[in-house]
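One chain, chain A, appears in both complexes that follow, with chain B as partner in the first and chain C in the second.
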Partner chain A sequence: MTRFLRLITLALPLVLTSVFAGPVLAQSNPGPLRIEITEGVIEPLPFALPQFIAGNGANDAASDISRVIAADLIGTGLFREIPRSAHISPVTSFDSPVQYNDWQAINAQALITGSVTMEGGQMVVRFRLFDVFSEEPLGSGLQFVGSPENWRRMAHNVADQVYERITGEGGYFDTRVVFVAEEGPKNARLKRIALMDYDGANVQFLTDSRSIVLAPRFSPSGDRILYTSYETGFPRVYVMDLATVQRRPLDDLDGNMSFAPRFSPDGQSVVYSSEAGGNTDIYLMNLRTGQRTRLTDSPSIETAPSFSPDGTQIVFESDRSGTQQIYIMSVNGGEARRISRNDGRYGTPVWSPRGDLIAFTNQQGGRFHIGVMRTDGSEERLLTSSFLDEGPTWAPNGRVIMFTRETAGADGAPAIYSVDISGRNLQRVSTPGMASDPAWSPLLR
Partner chain B sequence: MTLMIKTTALVAMLSLSACGAGGYFGDTRIEPGAGAAAGSAADPNSVAYFTQTVGDRVLFPVDESSLTVQARATLDDQADWLLRNMEYTALIEGHADEQGTREYNLALGARRAAAVQAYLVDRGIAASRLRTVSYGKERPIEICSEEACYSQNRRSVTVVSAGIGS
Partner chain C sequence: MRRALYASGGIHAAILLWAIFGGPLFQDSEEEFEVTGVTLLTPQEFDALFDTPVPVVAPSPSFETPAAPVPTPEAEAPTPPAIEDAPTPPVAPDATPEPEPEIEPDVSDIAPLPEAEVSDTTPTPPSPPASDQTAPPSDTPAPNEAPRIASIPTPAPAPDVDIAPEVVPAPTPSDAEVPAEVTPPTAPEETTTEIVTEAETPAASLAPVASVRPPTRPTRPTPVAAEAPPAPQDPAEEVDPLADAIAAAVAEAASQPIQAAPSGPPMTSSQRDGLRLAVQNCWNVGSLSSEALRTTVTLAVEMNEDGTPRINSIRMLDSSGGSDTAARQAYEAARRAVLNCGRSGYDLPIESYDHWRIIEMTFNPEEMRLR
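What follows is the complex of A and B.
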């Protein structure tokens, strides 16, 4: 816990400054070096990343930071690294002129150079990005200053900058994932709420395994989480402050089950499910006033609510038609319109942070799928298929989804996977053991 | 931090008792309220008799909370036992198989537990003696991924305990 506290507080003073005069990211037109994600990239863009130049005492950091930047970019499926053994001209100084011909000769389209130095106890990471075939820098050089234990965040910041300049989309590497870490046999699973960097590094546990815990969710600013715990013997929603690791129940209705919580985009309210007499409906809790508003009033199951990014609508699942389907209603409740139209059962809708798509779990023919559809239900695409896929969560740029995949049988085990919204680049996310119910944080900067 | 440690200790006690009463680690049940004298399955007023002879669980069809003929017969016997043993309260657990999303299964388990509760109340058990909880798909009793196991996991379990008001 102590380690966690330090990480949060020291992470904040991370400073981003331009190495040169002139506005950061001044270049509105990034030039010919560009990946259009929407067009479905088949051939990853080749980049060269000579190990960052190390100042005194920063040799290991320079090597580690270079490795993390490359891993971030390669992990998107949009980039591939040209091995260092193929590099022709060594980069000996951060300020030495770029030998474009040598990089063109090995078909490196992007070149990333940088340095890592220690200055007054702080780590300083500088980098530049070059468009090799246009023979010019792509955006300004930048530097990040932070405490040495934040080296991973600084690496992710560099990778986010490279990704943003080349794709024109927001980055998602300097993010965290809150999830449920699982251990033990299938009929007596022990579950803990855990936190990790998006790439599986820096795992920290936020609860012990005495009680079943489910489905943690980040607040919009990343400072709090919501989750469901059986610590009273009954499932109830809790709010936890990440800086202090203090938690409190969301409401004081001890006799009711509550679950499936999510924050509103302004972080002031929580929408969640509450059960009474066997019937589950959706409620809105104002965190400042404690006022609880009932949004649905139906004998069917209404659950898994998720806000639109503008805070005016809520997407949720209901079996009011006889099977689980996805509906959208106003934040004030009232009439809901069904948007899921195709075969099977639809659940766990989550609104994209960009507002354009809804991710969901679809169940048909004995298999589970993660899919996306537009907010009117059109252009549905199933991205995955397995024995059990469920619970999508969006990267902050709305381009990548993480979800839970569980294998079948007595030894069946859950793991976290990611996939991009074109259905490509399906990958298992590294976790220390079994893991489920991921929720992606906003960008931390 | 001190406050949190205190809270955790208290919670540990609560969840231990809930765990004992919940008995979700299989058929071996440790009932905190049941004394040694009442422990024999031959004693028709024992918890062991309720669990083994009366039958503490009923099974449900796929994605349904309706009570089958067999379920009603079991619940009739449960009601008789509860009417004979007025000092006992019951926690009705609702469960689902793994073929469903987590939130939906929680709600489905709640529906199943409520159906059992409503039936028992209809048979004359005071509602104040009955409490419900749903575990969704979190506590399967059988762990294969086939209908043979799923059918056993789509269940409600009536967990009786003496003395402690619900």
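What follows is the complex of A and C.
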């Protein structure tokens, strides 16, 4: 009993303190004002890009490089350039201090300054990026040195740096796209494998138009491509070295059709479809040993395989359920699980370089769509819709998708388009003529 | 028998005597009757009487008795007052005879009524006819009329409306602007007869209006165990963990310092919403990476009294949902939002400055990511 009374005696002050002092403390010390922001805006970020300061003999290059950088950033749909006519304080020197107030006055949130000089026969491009409202530089200044002929790549490199520092994602401007260039009427179309910068510049043709070519694909290092050619009368996969433009068949299985090839992430293997005995299955070939492994064994058609970024899984399309659907299996084959669940037919799945999404072609209601879904089939979103959209390919940062869009009718022509994975910023990619089957390269090195 | 006879006879005799000599019961009062003089008029005299206007001054003195007053034009058709709110004329005096309603006056020759005019004075009720004053007294007094007083009192008349003698045009808005009267500068009134310096000001007047709450009493220094005398204690008390925990909790609660309460009224929910709306209008997540759009960041910012954020005070307090790179991108976007929209100062109540001097903002892009 005594112990109980003593506990009560001790506990009473604690209770009283909690009851009375607690509110007093909470009221007297409310702390900082706290608010939560859950709504924002989705708008292009305004930036200012005064023309780069030109050294001796680099006036044209400075202008061209400034123009390419701006075009790269604007083309993403994430940035908006403030016209130079609105600039208040001119930038006369690369090292001159930034007048933040002048740039804040025109609502420039990012400022890019730079210079182009010629030093020892090499072009030197320097740039700095500033956060205008924080009044501090975003990262340190960088410079790129190269031959004057590579001025576009240096401009793309600057744009990649700006893009990465602001968005937190890797850029995709210093990349190339391999595609099928087409010409002629629809019933007698001539096709060639072509290569260009991601923005349509520097187009090069890699094959002639004597035979039909299809579905070129880059190697992970960007130095080789795979494509399918009908030059032997039936589809066959070839490997081409871009440096030498030399090619060779992927395998020696004459008489079997092979198509829809893709490199593994390590570049050591190729997965493709092959027809044998009227049945089409997926095979994996080791490029070093030439060993060929059959991954599927089904009477249905399995094709369009694509590796996961870690190289452990393969996504492909199959009509084993009666219609074209998307499945995922191990890189060693075996049981496949279906991930497409909604209406329509699904094809040409491509795993995102980031590994989080799978792009696909969907056909339903007489229209074609480009869409994305998570690797378990959830959160499916259709990004485009037209008479014919097909063949998606990912930018190396996994944010943008290119695909082929073909118009209807006898005069219908294919073209290459790009779209953000949010469905925004649908743009047609500049090509010299009709173009289809794009494949995006990794970042060049 | 004889007695009854006498009684009866006596009573009858008394009654007879009372009837003969009169009593109040049978006394007949003589009624008084009014005699009214009548003047006989011929038809010609009657027509002549009404064909000519009757002078207002007084009736003909030939009348011996006051005849019923012939209604004059003024009496029959009084000029209506031009003002509707004019007071009702009071009840006519008792001596005013009632006009004969049967007689319809011929108003064909009456001059047209004057136009209503706004007069400066309230129209007075028509005065009683002068004949009342000049008429010879009657032989028999005229019966007094019953006072015409309504049983229900009438409401009080509305107050008079003062009407200016001249029409004043309505003032225009520009005229309504009365220039402020310039008061010539004058020296302030002398409030004291001698100069009092601050040094001579009583100390009490210099005391602050509000003082912070004094901190709690500092905890007493615990005696060093080595110096404490070895007091004999109950072994049971030494090993009681519950009592020790309670005592520690009490000591901890008591040792917490009590900070001064911020001055000024706390911010209202609408003021907080206004700040949130202002910031979110500049929170541009369009250039954020997918990973940064999954990253929630909390930053702290110190504010100037004019509502502008202090640039160098912004710092990230916390982040969740993304890598360090994504958190940095999300933080920079949030910082741009705070600085950009606060460039000219947020609309915050200065009297509550203590409440928003430091603001912690949490930027949660979950809803934006799903768009």
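Heads up, the rule we're going with is that the second predicted complex is superposed on the first by the 404 of 445 C-alpha atoms of A that agree within 3 Å, B and C clash if a C-alpha of one lies under 4 Å from a C-alpha of the other, contacts with A are read in each partner's own complex, and residues count from 1 in each chain.
In this section, a residue touches a chain if its C-beta (ideal position, glycine included) is under 8 Å from a C-beta of that chain, and two chains touch if they have at least 3 such contacts.
Keep in mind that this is a model prediction, so the values were computed, not measured.
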Which superposed partner A:Glu36 touches (first chain B, second chain C, both, neither): second
Which superposed partner A:Phe234 touches (first chain B, second chain C, both, neither): first
Touching partner for A:Glu135 - first (chain B), second (chain C), both, neither: second
First, second, both or neither for A:Gln109, with chain B first and chain C second: second
Partner chain in contact with A:Asp160 - chain B first, chain C second, else both or neither: neither
Chain B versus chain C as contact partner of A:Glu169, first or second or both or neither: second
Complex contacts: residues of chain A adjacent to chain C: 3, 6-7, 10-11, 13-14, 17-18, 21, 24-25, 27-30, 32-45, 78-79, 104, 107, 109, 131, 133-135, 138, 166-169, 354, 356, 398-399, 421-422
Complex contact set, residues of chain A against chain B: 1, 185-189, 208, 210-212, 214-215, 230-235, 245-247, 255, 257, 259-260, 273, 275, 277-280, 301, 303-304, 317, 319, 324, 345, 347-348, 361, 363, 366, 387-388, 390-391, 406, 408-410, 412, 437
Chain A partner contacts - residues on chain C that touch it in the complex: 213, 236, 240, 242-243, 246-247, 249-250, 253-254, 256, 258-262, 266-267, 272, 275-276, 279-292, 300, 311, 314, 325-326, 328-329, 332, 334-337, 339-340, 343, 355-368, 371
Touch list for chain B against partner chain A, complex: 1, 3-4, 8, 11-12, 14-18, 21-22, 24-26, 65, 98-104, 106-108, 110-115, 117-118, 131-135, 138-145
